[in-house]
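Working notes, structure below.
So that you can tell them apart, the chains are marked A, B, C and D in the order they are listed, and the count of residues begins at 1 in each.
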Amino acid sequence: MQAILNFINQNVELIYIVILMIFLGIEIIGRVPSVLHTPLMSGANAIHGVVIIGAIIVMGKAESDNYMALILGFLAVILGTLNVVGGFVVTDRMLEMFKKKKTPIPKGEKNMK
Amino acid sequence: MQAILNFINQNVELIYIVILMIFLGIEIIGRVPSVLHTPLMSGANAIHGVVIIGAIIVMGKAESDNYMALILGFLAVILGTLNVVGGFVVTDRMLEMFKKKKTPIPKGEKNMK
Amino acid sequence: MSISILSLCYLIASVTFILGLKMLSNPATARRGNLIAAGGMAIAIAGTIFLYDNDGKKLGNYAWIFGGLIIGSIIGTLTAKKVKMTAMPELVSFFNGMGGACAALISIVEFDYLFRENRTLDSAWFNNVAPAGHYLTIVAGTIIGSISFAGSVIAWGKLNGKIKDFSFKGQHIFNLVVFALALGAAVFTWYSNVKIANIPFFITVFLALLYGVFFVLPIGGADMPVVISLLNSFTGVAAACGGFLYNNKAMLTGGILVGAAGTLLTILMCRAMNRSLKNVLIGSFGGAAKGTESKAGEFGSYKEISLSDAAMLMAYAKKVMIVPGYGLAVAQAQHTCHELEKLLNEKGVEVKYAIHPVAGRMPGHMNVLLAEADVNYENLLEMQDANNEFKTTDVVLILGANDVVNPAAKNDPSSPIYGMPVLEVEQAKTVIVNKRSMKPGYAGIENELFFQPKTSMLFGDAKKVLQDLLVEIKNT
Amino acid sequence: MSISILSLCYLIASVTFILGLKMLSNPATARRGNLIAAGGMAIAIAGTIFLYDNDGKKLGNYAWIFGGLIIGSIIGTLTAKKVKMTAMPELVSFFNGMGGACAALISIVEFDYLFRENRTLDSAWFNNVAPAGHYLTIVAGTIIGSISFAGSVIAWGKLNGKIKDFSFKGQHIFNLVVFALALGAAVFTWYSNVKIANIPFFITVFLALLYGVFFVLPIGGADMPVVISLLNSFTGVAAACGGFLYNNKAMLTGGILVGAAGTLLTILMCRAMNRSLKNVLIGSFGGAAKGTESKAGEFGSYKEISLSDAAMLMAYAKKVMIVPGYGLAVAQAQHTCHELEKLLNEKGVEVKYAIHPVAGRMPGHMNVLLAEADVNYENLLEMQDANNEFKTTDVVLILGANDVVNPAAKNDPSSPIYGMPVLEVEQAKTVIVNKRSMKPGYAGIENELFFQPKTSMLFGDAKKVLQDLLVEIKNT
């Protein structure tokens, strides 16, 4: 208990950030139309590719004799990049297909406002 | 420039919290029906009464010979409390008036889901 | 230990604020949301009082603190409970002002500390002794808080009629100058000798208050809801400054949250009545110009109806729809209106109210008004439902409403209110309009509806007319 | 200095992620949103490479880093560009798995550091030498990452048909046990001797992978979109663990954001096809049971229609609506379908497509499918518009759709899909249904529509039938 409280106290900012992020994540996509579920999933998938940063740091810190770190790190960088690049590209391709179909909407209403 | 960057770096967590809060504030009330504008305004008004905390701290820190702090602090506590208590009470009274009218909604749809 | 619990309290408070505000924006959950936020607030306050300590030093002066809390609570509760429903916006404005003052006072005291600590050392400059960030937050809190205090009090005075609109040529320039001077004084403080640094600072405070007054004075009373909402978000930011000052997360998050939400809400309000914020703040001058009737009579002539005929029409109608507007509020005729409803019901006439979201002078004004005369909520139709029922309505009785039933919003792209959804009363069989004259309403534009064949005017003060109608109908 | 710029980069990245995701959830802005997020990502990556330094130590091994980045980018871009549109969900699942693996690898390396530093000192326990919080995040990252990796790869295999559903009695108990053992091994690591702490840890990794595999294996292929979305949010959390590990805000915020949004999205997906998440994950066993045709024939008999009659009907119709469903995707008949459309157009028949949001096996499946056969987007009607047009439609041609046109969703409260909005094809003059048999669809329930008088069945594989129809119509 005591320990937990102290932990909270020391990392209170981080905890705030996490909690607010959770709220935001939920609020933001609350009203997505179901036809967009797939692209949205794909886009989110690309975003968590940010884990690549960790891979880069691992790779960059590895001493040249620490083969495990070098090899695993290298692998991590490749896979992470796959996630990021592939993710964004495939999402863009998907959206390309909904794009044209959606133009009527902005044309129709957006201009009114 | 340099100074600003350092400031950002030192307070990066706070800055995050502020930015996320701004996003949240906007997302949260994005879809409020105009009939609720007044109660919402009133509720928000009550919430910023949280400034009372500052007043309490000022009051509590004031040395017994520092009359300025004592008097202004005392005033601040009173006004802050007015804001908080009055704010929440009046909001509740307002909503009381919309309440009954709104019950049909949950009855009608909510149960379906 | 206690500190850890305190930051937990603040965390909880912040979360309840977010949840509360979220629930407040949905009719079904609004009331619970308000209570939740209140609960969080209570936790934060209690926590501060009992757990706060900065490096070992706990808070003192409990007598003063509790004294203040008790006094504030009593006054707050009483005023909030006693106030007439229609006077609530004023009260909100008043409370908002108190919050602003509180924020300003805190900052002033903090400045005072900075000042006392250093004035003893001679011929040092304030900027050498005071940390910049600290001073910056103090100044921000002071200025914003003062503006929001002064502005809110003026708005409050305007709404309850104590203060009249007041504006003079070039007032905007004047305001800008005052504001600039306020900032200037703050900067001057920064560069002045520690001994006298307090003088320019208090000039800053004074100028900020002055700005607050002149910022709100010229704005038309009808636009006060918007202004209050704006000042509301100001106070939020001021509170956030306090949060920075004491590195207090509850104040910070709560303040920013209200600051952001309040700003958006202000914009939404303007949009609801088809105006831009700028237009509300600056355009207010046109107040006179807006009232123009240049276009008067362009729609040809209108016809009047006698009380007895009107009474007849309603008494023998199957379904009557009442469209209340600002005029009903001015005439304080809500109770008489309710009596009319009951009387018609006795005669077997179905009576409903068509409520436009921006009818009156504040959002939900009509709900509040009719609630006071305890009209049954089931009979208040929102715009959508109302528009569906007009087709099957025999008589529409418009009481002091004008813009919200103006067909120009649908038909005339040149009209200033074009695009605002309105009550389509012209779908009903007959329309009876009660107002005192042919004068336009808030938007200051002619209303074609009054000149349509199925419309007939019933002039006079809403209350008076309704009372006469009651008599007439009784006699039929 | 450089550090400050770096944290600014991360700040920008976080904001773009939020904005991007927000825009992605609105058709009009989705594509821009994706680009914005990508831009933020680029900034974050570049910043890390060039500005990162922890107390003075900059990053090295640039050759390896850029090598990895280049290889990854090339493979990623190519696969993403080459993949057939209908195979995109598989690809998403694959990429998601790579992300999970990346997170797991990072944690493993970090553990390895902890391990090497301390294994030299003899007879110390791991928990004496390793900081608890640090170890906790490592374990969390490892386990979650591994699960999401293994699971995603299985899901990928299932979607492209390489892996078949596989389940055995009491599999859930088994899964729970495996998961518990994984946690157990992690705890054991914590209390084991520093010299051999790595052995139990790698057992943890292995068990986590195993769990991932058996978690996804039994779930029906049709539910993969939901599972992928779930694993997607897992990877998000794993990334967030990395954020804690390096106190890196971009990773933290990005990860949490996806974790939260992904979880909600998963729930929304389930809701869109009227199922609970639990039902998708556990209920999947019932797969067989669901296929029941116990109720078969309860609606009496159905009538068939000959190819020529069908061709005739359509050729002489004014307006034909095509309702594509999962069957069309299975038969890969989208191109043939497009030809039919063109042919009918030549004959002066108006042809539109009625798209149900959950037709097929992934959200937007039909849009993707028909886009591949480059059908003109103006002709794809969303459910609402379609339902309004059916009244004026002469012939509705249903190609391999079933649940999405099942009237039970409206009429029969006992039906498992009751409440799901469906295409109301029965409003049209005549309905022609193409499927291979009377077997039920995904939901495993009878479809009354097939037995209604205005409906007639046209059995056969969608592609085959369409080709024959083409010939027939040409000859009319």
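Note that a residue touches a chain if its C-beta (ideal position, glycine included) is under 8 Å from a C-beta of that chain, and two chains touch if they have at least 3 such contacts.
Keep in mind it's a predicted model, so treat the numbers as computed, not measured.
A.B. asks: Using C-alpha centroids, which chain lies at the maximum separation from chain C?
C.D. replies: So the farthest one, by centre of C-alpha atoms, is D.
A.B. asks: I want to compare two interfaces, B-D and B-C. Which one has more contacting C-beta pairs?
C.D. replies: Looking at contacts between chains, B-C has the larger number.
A.B. asks: Round to the nearest whole Å and give the separation of the Cα centres of chain A and chain C.
C.D. replies: Whole-Å distance between the two chain centres: 40.
A.B. asks: Need the CA-centroid distance for the pair chain A / chain D, whole Å please.
C.D. replies: From the centre of chain A to the centre of chain D is 16 Å.
A.B. asks: What residues in chain C touch two or more of the other chains?
C.D. replies: As it turns out, chain C has residues touching two or more other chains at 18, 22, 249, 253.
A.B. asks: Got the chain A residues that touch at least 2 other chains?
C.D. replies: 13-14, 16-17, 20-21, 23-24, 27-28
A.B. asks: Would you tell me which residues of chain B are touching chain C in their complex?
C.D. replies: By the definition above, chain B touches chain C via 7, 14, 17-18, 21-26, 28-62, 64, 66, 68-70, 72-102, 104-106, 110.
A.B. asks: State the interface residues of chain D toward chain A in the complex, per the touch definition above.
C.D. replies: 13, 17-18, 20-22, 24-28, 30-31, 33-35, 37-38, 41, 44-45, 48-49, 52, 57-62, 64-65, 67-69, 71-73, 75-77, 79-81, 83, 85, 88-89, 91-92, 94-96, 98-99, 101-103, 105-106, 108-110, 112-113, 116, 133, 225, 228-229, 232-233, 235-236, 238-240, 242-246, 248-262, 264-265, 268-269, 272, 355, 357-358, 362-365, 367-368, 371, 377-378, 380, 382
A.B. asks: For chain D, which residues are in contact with chain B within the complex?
C.D. replies: Interface residues on chain D, with respect to chain B: 1, 3-5, 7-8, 10-11, 14-15, 18, 22, 249, 253, 419.
A.B. asks: Mind pulling up the chain A residues that touch chain C in the complex?
C.D. replies: Per the stated touch rule, the residues are 2, 5-6, 8-9, 12-13, 15-16, 19-20, 23, 27, 112.
A.B. asks: What residues on chain A touch chain B, complex-wise?
C.D. replies: 13-14, 16-17, 20-21, 23-24, 27-28
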